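First chain A sits with chain B, and in the next complex the same chain sits with chain C.
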Partner chain A sequence: MVEVTDVVCSLCGCVCDDIVLEVENNEIVKVKKGACSVGKAKLLGHERIKSPAIRENGELRECSYDEAIKKAAEILYKSRRSLLYGWSSTVCEAHKVGVELTEDLGAVMDNTASVCHGPSVLAINDVGLPSCTLGEVKNRADLIIYWGANPAQAHANHMKRYSYVSKGYWTEEGKKGKKMVVVDVRKTMTAKMADVFVQIKQGKDYQVFSALRAILRGHEDVVPDEVGGVPKEQLLEVANMVKESKFVMTFFGMGVTHTGARHNNIVNAIQFTRAAHLHTKASIMPLRGHYNVAGINQVCTWETGFPFAIDMSRGYAWYNPGEQSATDLLYRGDCDAAMIIASDPGAHFPGESLKHLAKIPVIQIDPYANPTTEFADVVIPAAVSGIEAEGNVYRMDNVPIRLRKILDTDYLPDEEILQRILTEIRAMREKEGE
Partner chain B sequence: MQTITLKLKDAAMSGIAQVPVEVDALTPDKLFGKSEAELKAVKVWWGNKQEAAGDLFDVSVAGDAGSGDEVKIVFEGDLTRVKRIGDGMKSGEIEARGDVDMHCGAMMEGGKIVVKGNANCWAGREMRGGELVIEGDAEDNLCAMYRGEDKGMTGGKVMVNGNAGECVGQYMAGGEILIKGNVDRLAGLSMSGGKITIGGDAELFGPDMIGGEIVVKGKVLEMMPSFRPDGTESIEGVEYKKYLGDLAMGEKKAKGTLYAR
Partner chain C sequence: MADELLIRNGVVYDPINGVKGEKKDICIRDGKVVDSVTNPKVIDAEGRVVMPGGVDIHSHIAGGKVNAGRIMRPEDERKGVEPKTKVCRAQSGYSVPNTFATGYRYARMGYTFVMEAAMPPLAARHTHEEMVDIPILDNAAMPLIDNNWMTMEYVKSGDTDLLAAYIAWMMKATKGYAVKVVNPGGTEAWGWGKNCNLNDTVPYFDVTPAEIIKGLAEANEKFEMPHSIHVHGNMLGHPGNYEMTKDTYDVVKGIKPYRDRPTMHATHTQFHSYGGTTWGNFESKADAIADYINENDHMSIDLGSVILGDTTTMTADGPMEYSLYQITGRKWTNHDVELETGTGITPFLYSGKVSVHTIQWAIGQELALLVKDPWKVALTTDHPNAGPFIGYPIIISHLMSKKRRDESAEAMHKAIFDRAALPSIDREYDLNEIAIITRGMTAKTLGLHEHGKGHLGVGADADVAIYDMSPEERDAGKIQKAFLNTKYTIKGGQIVVKDGEVVATPPGRTIFVTPECDDKLTDEMLVTLKDKFAKYYSVTFNNYPVQDAYLPNPYEIKAPWRSS
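For the complex of A and B:
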């Protein structure tokens, strides 16, 4: 039995890096410290895809890596418009090969931000983002606002490590010296812990942000008695808490990115943060879901100039979420092949989009079987990044952290699978050119 | 005068996927004076490959032209997956006989486009001049900006006979939009100039406005909470309430005007 310390968790955007494991006979037998219950479940592992496979007459037939990779390359090479989607649960080294593959094919590359914090990214395109690291939040923030987010259940270590409950240099009293505001449509587990719970009407976030901005800018006279289901007195109370704090941190989640004005909610949340700067220090950060969704946005941005929904069909990057984003592309029936890596649209995409995905040839690269496997035509199992493969990832505050390899495996890492597909495609092109 | 008729072949949209055809290469100022053979050879993007226009469209030409002004292009067939009709056009006329896909009239500088049906998202995106008439409905982002740009429409005139979607004229800085029907939320978002007239109903219009004006003739379904009432004004003999804002941008920047009944 070996104890492994400082293990990095490859589950959510918190990317906790203080985990202690017990390993015996190339198997993780115990999570001794650090991980939350969901992180623990991932580290302890569950059933894997056993072998590469190709669908024939409706059934998956097991085959070699070589055969599956060749078949995948054939599908992509023939395609006029393919979608390469997923990426958030693998490392940046694989993303880099993904961008190269996209460019080589003239494909569309999109990642799970598209159905997650894509709206936040769009808002950043419009108005920028006054943000900081989680370390700064831990050490400085005395007012925490969670808007449309429920970290007590979704990012279980977040409050403990970085925000409301943590103790830092200027926040040595922990939650005793802090205040927390939660804005949500229902009283979540996080909302129950809050000093002030603002219960907003579904889809009305946009106008509530605008009202708060007007108040912070000294125009409370024009704000009506109630905005989005929130009484004016409570808006004034929250605005006062902002004014009286030393450092306000707003974290936001899916409850505000996908309702009402959607990405413009986030534009308004960012502008609310700006308005708070008239009185105090303020910062804002999306609560990213997958452990490396921030990383795929980073890699795509430094390689192509754009963070997601990138169309390389004309040989240069064209970016227009709503047009090249995966759900829209599929909903419209615009693409004729897809490669799904490190994600599961089968479980998360709208039904109409899935109907098209089930119709076209689909290649899946993933360690685990999931609903996408049910209609995938080529299935390629991969090593689990952060357990069986190493590489770089970006935490939700865009701080890069290196995932470590803990166990040995015969499964290929994502990077190698992609590189081999790309090599096959280039060989096909060369052969055709002869 | 030269009339060029381009009818999309059914075969282009009969595969497993309906890969959009992008026709920004087919504008009057780029095609004037070309013979039928030359027109058929013009390269058009279809997915990750360029194809000859003649392989995707039935092409016919009548007359001749010495400049783009003397050309009328007629698009026919199923145009629901034909993108960028009249994208960047400078002169002449385009008539699209049916519903059109995204970016119709985007970056347009001059000439006229008539869509005899509905237009998908981003019609008139960053339009600079000319005239765009949509006889049906327009979807979201009509006359808005490309992602991250700080200016949408800056000039020209757009008329929609039906309804329009969200974010009409987002970041609009000039020009005129007239919508006869209703619009979805956030019309005139971050607008700095120009005029939007909405014949029907509207909600949450003018947020973050720092200039320009919006007139809503129908019902106001929901008003932004950050505008200051400023008396009434008569427009074409009808009395309207006037509002100034958006005060969420701060007093100095809040130079937009809303008129609603």
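For the complex of A and C:
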């Protein structure tokens, strides 16, 4: 039995890096410290895709890596416009090969932010993002706002490690010295812990942000008696808490990005933060879902200039989310093959988009079977990053952390699978050129 | 493939070796400059200007803040798109180009080394990930070690040796090159939305920025560090800051450098040479700063010269970017980094129709022209803060041509004639001086001349720029054009640019410094540092240092502890 420390969790955007494991006979037998229940379940392992496979007559036939990789390369090589989608649950080293492959094919590359914090990225395109690392929150923040997010269930270690419950330099009393405001449409587990719970009407985030902005900028006279289901007195109370705080941190989730005014909600959330900054130190951060969704945005940006929904068919990067984003591309039937890596559109895309995805050849690269596997034509199992493969990831605050390799495996890492597909495609092109 | 190359009959400017425009052959074998060659491939440089590869001392090209600038500015990315070629990856961006474009464009200007100016230690992996993706250029990065709680605590207690041990550990942990200082104390204060003057007390830490700078300069000289501390002082960009700038320079006066180099490099000095008390009576004080540099030998500076047009400003000086954003009301990104530093980013348009911008534009060039010894001056735009690096040839053409400067001044705000000195300066740089401020001085100040950079002596890296111009050329437009796209750029003996086109994209090396520190001292320092990790950092001590995997092409420089 070997104890392994400083293990980095490859589940959610918290990227906890203080996990302690017990490993025996190339198997994780116990999670001793650090992980939440969901992270623990991933570390202890579950059902894997056993073998590479190719769909024939509606059934997946097991095959070798060589055969599956060759078939995948053929599909992409023959395609006139392919979609390479996913990327958020793998490492940056794989992302880099993905961008190269996209460029080589003149394909469209999109990632799960597109159906997640894509609206947040659009807002950052628009106004920027006043933010900080999570350690800043831990050491300084005396007022925490969770808006349209339920970390108690979705990012289970978030409050303990980084925000309301954590202890830091100026926050040595932990939650005793802090206040927490939760804004949501229903009383979630997180809301139950809050000092103030602001229950807003579905889809009224924009209006509530506007009201708070108005108050913080000295225009409370224009705020009506009730905004988005929130009484004015409560808005004044929250604004007052902001004014009296030394450091206010707002975290927001899908409840803000996908309701009402969508990306304009986030623009307004950021404008609220700017207004708060006139009175105190104020920062804001999206609660990113996958452990490396921030990373795929980073890699795409430094390599192509743009964070997601990148069309390389012109030979250079073209960015127009809403047109080149995966769901829209599929909805219009505007691609003739797809490679899905480290994600599951089968479970998350709108039905109309999935109809087209089910029609075209689909390659799936993933350690685990999921609804996408049900219609994938080539299935390539991968090593689990953070357990069987190492690599760089970006936490939700864009702090880069290196995943560790804990166990040996015969599964290939994503990076290698992609590199081999790219090599095959280049060989095919060279052969045709002859 | 020929391992030998002969550059024949070029007019060579190699200031480190005292070569000032001599007709001379350059022999190259296996990536190095050699005495002679036997069976070389020949490049005919007849009558053209030949210089060592350019060495940029200060440019923001890689890492979290550069990428945050890109994410915030899709409109800037759209500006610079160029399709992929057989050799080159797709390019995007103007003031914040993607990594590939960064490598290609620098190489086309004849540059072969660029120093990333500010690396937040906690995000060092990010800087390295991007540097690996910048083709052709050798590179290095300077970790920010000034607003760090460890630094301030050791400065307060006066433990210079322990501070040195901390610097050594950080340099190794980040694979960094030199100690970077950005608004010391002020960026920590920005954690609470505040800022610091040079002699203010940093909130909660009971030290002053002046004490931080002095402490770091003393600790830096405990080692044989190739570079001095590299300082962005307090109150950057504020009217009337020139007095504080001089006071900052005075702080390190008397500290003896380990070898013949300055004790402090003051960066983007243009932003620190402001007179007046408001934006209304804003004026150039480049003369006062230049006088100081002329009278003292412990300082070097780089210009931070302005390029007119739109750009993206970015710095670890969070409060400065906030002030700028409040002036313009444009986009603003901020990213404070726990226990260490911060980041601010906002777009900015330098307009020749605005008095303040016009004076800023003049100041950068005044500094170059008023400092008598070019070995104290480096050409920079603090890319992309005063303008993108792609504007260097514009500055070169202005420094070399009084006529060009007068033409530009005529078209700009008239404030240039009464609140700046530029129109009254007649000096013109010659090519030897241009070679000094773009490669000789920068390589020497960084200590890279001892590692093959910035010169063409035997044993040097075969990094060569051949410009398609005669040394007699006086036409500013033609000079600018020649410096934008080389006839040839050779990197490590390989032709990477030919006739202005990138023809090969070998990977660059990352150069880093390993200060060597006594184990006992390190152990004592680590007790304090590990406590910081246990209580205040959001990552563990063991997950913090940059792993070797991030430097596929490393080049290590050891900096021994000085026995004295």
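To be clear about the criterion, the second predicted complex is superposed on the first by the 434 of 434 C-alpha atoms of A that agree within 3 Å, B and C clash if a C-alpha of one lies under 4 Å from a C-alpha of the other, contacts with A are read in each partner's own complex, and residues count from 1 in each chain.
The rule is short, and it goes like this: a residue touches a chain if its C-beta (ideal position, glycine included) is under 8 Å from a C-beta of that chain, and two chains touch if they have at least 3 such contacts.
Because the structure is a prediction, the values reported are computed rather than measured.
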Chain B versus chain C as contact partner of A:Asp344, first or second or both or neither: neither
Chain A residues touched by each partner, larger count belonging to chain B or chain C: C
Partner chain(s) touched by A:Leu134 [first = chain B, second = chain C, both, neither]: second
Chain B versus chain C as contact partner of A:Ile360, first or second or both or neither: first
First (chain B), second (chain C), both or neither touched by A:Asp205: neither
Touching partner for A:Asp142 - first (chain B), second (chain C), both, neither: neither
Touching partner for A:Thr280 - first (chain B), second (chain C), both, neither: second
Contacts of A:Glu415 with chain B and chain C, given as first, second, both or neither: neither
Touching partner for A:Glu388 - first (chain B), second (chain C), both, neither: neither
Touched partner set for A:Arg332, first chain B, second chain C, both or neither: first
Contact residues of chain A, present in both the chain B and the chain C interface: 125-126, 312, 314, 319
List of chain B residues in touch with chain A within their complex: 15-20, 45-49, 81, 102, 121-122, 140-141, 146-148, 167, 185-186, 189-190, 204, 207-208, 222, 224-228, 245-251
Chain A - residues contacting chain B, complex: 79-81, 105-107, 122, 125-126, 206-207, 209-211, 213-214, 217-219, 222-224, 227, 260-261, 264, 267-268, 271, 275, 312-314, 319-323, 332-336, 356, 359-360
Chain C residues within the chain A interface of the complex: 62, 64, 66-68, 70-74, 77-78, 80-84, 89-93, 97-100, 122-123, 125-126, 129-130, 133, 149, 191-193, 204, 322, 331-339, 342, 345-346, 535-540, 542-543, 547, 549-550
Interface residues, chain A side, partner chain C - complex: 5-6, 8, 17-18, 92, 96, 100, 103, 121, 124-136, 138-140, 161-162, 167-170, 246-247, 274, 277, 280-281, 283, 297-299, 301-307, 312, 314-319, 390, 392, 394, 398-402
